[in-house]
Amino acid sequence: MKKIVISTGGGDAPGLNAVIYSVVKASLAREWEVYGSRSGYKGLLDPDELVRLTSENVADITPTGGTILGSTNKGNPFAMPIENLAGEIQIRDVSERVMNNFTRMGFACHIAVGGDGSLEIAHQFATEKGMPVIGVPKTIDNDLEATQMTFGFDTAVSTATEAIDKLHSTAKSHDRVMVVEVMGRDSGWIALSSGISGGADVVLIPEIPFNIESICRKISDNELHGKHYAIIVVAEGACAHESGKIHKTDGQCEVGRQELLLGGIGEWVASKVRTCAAKDTRSMVLGHLQRGGSPTTFDRLLALRFGAAAVRMAENNQFDQMVALVNGEMETVPLAEAIKQRKKVPLHSDKIMTARDIGICLGDDY
Amino acid sequence: MKKIVISTGGGDAPGLNAVIYSVVKASLAREWEVYGSRSGYKGLLDPDELVRLTSENVADITPTGGTILGSTNKGNPFAMPIENLAGEIQIRDVSERVMNNFTRMGFACHIAVGGDGSLEIAHQFATEKGMPVIGVPKTIDNDLEATQMTFGFDTAVSTATEAIDKLHSTAKSHDRVMVVEVMGRDSGWIALSSGISGGADVVLIPEIPFNIESICRKISDNELHGKHYAIIVVAEGACAHESGKIHKTDGQCEVGRQELLLGGIGEWVASKVRTCAAKDTRSMVLGHLQRGGSPTTFDRLLALRFGAAAVRMAENNQFDQMVALVNGEMETVPLAEAIKQRKKVPLHSDKIMTARDIGICLGDDY
Amino acid sequence: MKKIVISTGGGDAPGLNAVIYSVVKASLAREWEVYGSRSGYKGLLDPDELVRLTSENVADITPTGGTILGSTNKGNPFAMPIENLAGEIQIRDVSERVMNNFTRMGFACHIAVGGDGSLEIAHQFATEKGMPVIGVPKTIDNDLEATQMTFGFDTAVSTATEAIDKLHSTAKSHDRVMVVEVMGRDSGWIALSSGISGGADVVLIPEIPFNIESICRKISDNELHGKHYAIIVVAEGACAHESGKIHKTDGQCEVGRQELLLGGIGEWVASKVRTCAAKDTRSMVLGHLQRGGSPTTFDRLLALRFGAAAVRMAENNQFDQMVALVNGEMETVPLAEAIKQRKKVPLHSDKIMTARDIGICLGDDY
Amino acid sequence: MKKIVISTGGGDAPGLNAVIYSVVKASLAREWEVYGSRSGYKGLLDPDELVRLTSENVADITPTGGTILGSTNKGNPFAMPIENLAGEIQIRDVSERVMNNFTRMGFACHIAVGGDGSLEIAHQFATEKGMPVIGVPKTIDNDLEATQMTFGFDTAVSTATEAIDKLHSTAKSHDRVMVVEVMGRDSGWIALSSGISGGADVVLIPEIPFNIESICRKISDNELHGKHYAIIVVAEGACAHESGKIHKTDGQCEVGRQELLLGGIGEWVASKVRTCAAKDTRSMVLGHLQRGGSPTTFDRLLALRFGAAAVRMAENNQFDQMVALVNGEMETVPLAEAIKQRKKVPLHSDKIMTARDIGICLGDDY
């Protein structure tokens, strides 16, 4: 009989509970015991934060949002901020204590569900402390090169598309331009997918620096064709490009940073468009709505498959590896590889071509 | 054979197209002709903006958002802003031209779907010009005394509740306070209904001036009971009350107006709570999402009933009246009465009691 | 400090958990203790089936379907089927034992959530045993005269409307007649409401005996107008009327009973229409889908209000009464009255008129 | 300037209108003219059934169900049933007339959206008549080997999962077994995917002949673990296996054919389980609900990508080919290959393993 422990780290993503469900059921089917570590690694620092997971306490969690293992951003055991009695915060390496507890409790495996930060920590435990670790990727932005899809992404795109659908009727009824800012600091997957699905007029993504002028041309072109409103979808990491220079330093967008302080890139685009298009222009930030709530059926299923695959990996002692979706099937990839490559939207991918084909302005050359 | 005309005015509301569908079908069943006036009264100023409505062109519109009669905020014929050749805007009374066109085209009735502004104009046409007018109430805020419910309200409450549901999982996973600002400049119906349904911790409405202190007490009380997150729902017209004085002048909230410039009442509340609760606190404005999209089944049905009732009123020459829902059935009320009374949330209504009973802090006395 | 007990009886209805949530929160706010009786009255027969209800165990139940108090149809304590050691079933009156347990445990009040069967039993406990009982009405069919609405109904109508929406596209793409059978043994509220909202061509309800001939005329009329498909919504209790005679005995529909054995009224209508209209005709039974799942926002809110109102009634010792929605507000009505009057669809109600106005055939006179 | 024609054939699938939208927009962007052929090939037999497609008439169709090109099952031009004046049906080859019309109208390409039947006809036109044909795959069952996914499948799985979610609460509240029959005559993709996502207890698919005994064992095992209800998902093509013999002839299931006449495999399974499990057991057929309605965001996006890719293929003269999704990107495959290989659920695929891992009985060996 094995004992394993599961943790969830980093930001919220719809599907986390489905992974937990599946890990628990697949472990119980093998007559293993499963424990959940609350708040990231906290359960491995303090036994009070470890919870035995049974069929009963995961019975109805699959369709629910959030994670039953509680809040997730509780720090890196290799550099943990800890408050002393004087109320000062000190950074401490508590990884050894984590590893000692892991060993003492007789765990055979740690299934770490998390984004690249959490997976990197997991990999560090594997290489530096010899912890038998298995990773389950969680990035709502879908920007991990090693896996075709991650859970949470389909839900985020659906939420954004539904929002765009709603904004259409309001924009149309009032002859307005609506700017909606969606997630995507480094990659434009959510903006591009929801913009295509939702029938946006303009989609701005970090991979393609944009000119306000092309956006304005698109909007006046709309007017010529009798369409008196427009929807603009902006990834939070989208970046303006002016007079031939791309305004980025170290991957950070420089242009208009001061101006951005008051709003965000969405409001900045709105303010520019309000002027050039001389139309009533509003902006909104979808923000946390994209992370929350019940996963779509697609994400539920993907998360359940990830969880079961992780348990099969545990059975086969495939450690320091991550489960991944490759051409529709579950595969394993070394954690070391998985965490180093981010997936940007390739400029010649069919989604980019589809967007241009159906008349969406991507901010570059309309 | 009668000829009637329908117009939709004021802001967008889910269900407008269902009203149009129902008016058209019920008229055709009586072998009447129906015309739609685009952009409010524009079709009565310019025949190019009148559209013949048939079974075919309303076939699939019931579940759709927006209005097929185009943008809605196109001015009051009694005081219409008109641009002359020199590009100057002048205010003109074009009501006589509207009435002449109405008569020349042989219309027997005008069904005006709109909020209190539009209904007031309709009433003015009835009394001053003798236009046979029938009103259909449209206010997403549900703040009309004369009718138990208006279409669009259930959809707005559902959208807000769904958003609150999504914010729960994110707030819980990150131990955060989430402030969500919903519609309601003068009344708190949407905030109160969605706050109860969505399980908010705090609901702030215009009818009850709030103290930041009670909110902070509620949040620290949550902590004591092991709940490390909170959801605050704020109506856009909610108003802070400080040291015994209610900061309102002429119905306008005064407190913190300068501070509000940068955000809105939601962000203002968030900034205060961030300090007093010492918790990661975020705010979002639901805004236009509440007005857009497909109506709920409840709103579809209500809108369809309103439209058919309006046609029955036309048949019975019940003019200068508005259709209303009274204890679950369709009734008629004089327009003159309907437009003068706004419905605030009564402080002793069962919804207020329900909110307090289930532990929601209303900002006054927690 | 009071102790109260809550039970849920009869069929499933979306919103039961919201009632429980609200009863628990409103009781805790008064510093009362709340217990749930599992499986109807079982918790009052066997203390193992009583469960203490706290903030924690109702924390996330509001949006969920079903009831946390377990299965509901467990018999009437005044005539309970009980298996003896020989395996024989005997009917026993165990009401005295229930009442003794109730008293011994010191309960001050029993909140009984249920349909007319359960409410009748509750009333019997009040009058014959002196139990302080408060009723919360639950009938998905919305057929209680005493209350304007019951929770679960809006969800059922929404589910049925969504199904009709889906059938539209399939019916249209294949030039088919689709018959969909919905709930409603004695009244046509669900069929009528969903039929209007969903744009059905024909709606058949128990209140209006139907002729197959009118249905066939409606379908051939559709064809003449270029509409080659049709949607027929049938309440399960709808009844055919042939050659002037209404085929009912004691409220039971007689016609075609043998034929009905193989399908239900929906399939029976489909078989008749298939012949007369010479069109590909399919039927489906929505059945259990209408009872299950998460309540709509409307039902959530109504259920929460019912629960809190019941606790306020308990506080004021208003026993042998039921909470009701009357013109949008919470009222109390004596249980004795509430249970005796069923609400049929009045033949001159505006919903019937709306249906006819927008061209829906009700099976009588098309 | 090119002229192209698009047709949709075979059964309804959510996403057809999104394909049309995308084909029209991508063609207009290239300044091509696009025509739609109504009712499959009818527009190429009768010019009245050809419709010019413009930006205006596809403006809002992306999220809608069905197909704007009307009913789809209108026969194979190589063997068309035609009624003569005497009312007799004769099978005629009208393919030459189709091809002549195609040429005379100057079409440069035919984009055929359809299932394997329609794609086979398209391929026949390509090889026998030299028609420049491009295929877009449409099979709601997702059973085409050549493409990783087809649109409509995600919607069908979501609809089925939502239904299972709803049945859970009802089954649980009444201690029932619910059997739900879903689509899948030859392959179990829908049943398996929705069964896993929805948390079914038993999933029966055509690829795995089932024993009623294993199902009954699973249900009594549930009882032992305190779970008094069960959900069984059955693909319509699932097949019982008795005493070692697999009852199939030519891919057709033989067992219990007579018994099946009255219901379908779902009702047959229900009748057997009712006996062996001695529990209240109900069955329902989801049927047409799975094909209808608005596509999910996933299906919208996939359909839009397929449409744009088909236009790019037309631009590059890649005829007698089909667009396909391969590892997340658009690819082309020869129609000849695409139509010959059906995709069954592989017995060692991770979905099968996931199902077993999380305790789902697949009918073979529980």
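In this document, chain identifiers A, B, C and D correspond to the written order of the chains, with residue numbering beginning at 1 in each.
Heads up, the rule we're going with is that a residue touches a chain if its C-beta (ideal position, glycine included) is under 8 Å from a C-beta of that chain, and two chains touch if they have at least 3 such contacts.
Keep in mind that this is a model prediction, so the values were computed, not measured.
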Contact distance in steps, from chain B to chain D: 2
Euclidean distance of C-alpha centroids - chain C vs chain D, Å: 35
Expressed in whole Å, how far the mean CA point of chain A lies from that of chain D is 31
Indicate the whole-number Å distance between the mean C-alpha point of chain A and the mean C-alpha point of chain C. 42
For chain C, give me the residues that contact two or more of the other chains. 64, 162, 165
Contacting chain pairs - touch in the sense defined above: A-B, A-D, B-C, C-D
If we count contacts the way the header does, which residues on chain C are in touch with chain B in the complex? 21-22, 25-26, 28-29, 55, 62-63, 148-149, 154, 157-158, 161-162, 165, 193-194, 196-197, 199, 225, 296-298, 300-301, 304-305, 308-309, 311-312, 326-330, 349-351, 353-354, 356-359
Chain C - residues contacting chain D, complex: 11-12, 14, 64-67, 70-73, 159, 162-163, 165-170, 172-175, 178, 228, 262, 282, 284-285, 287-289, 291-293
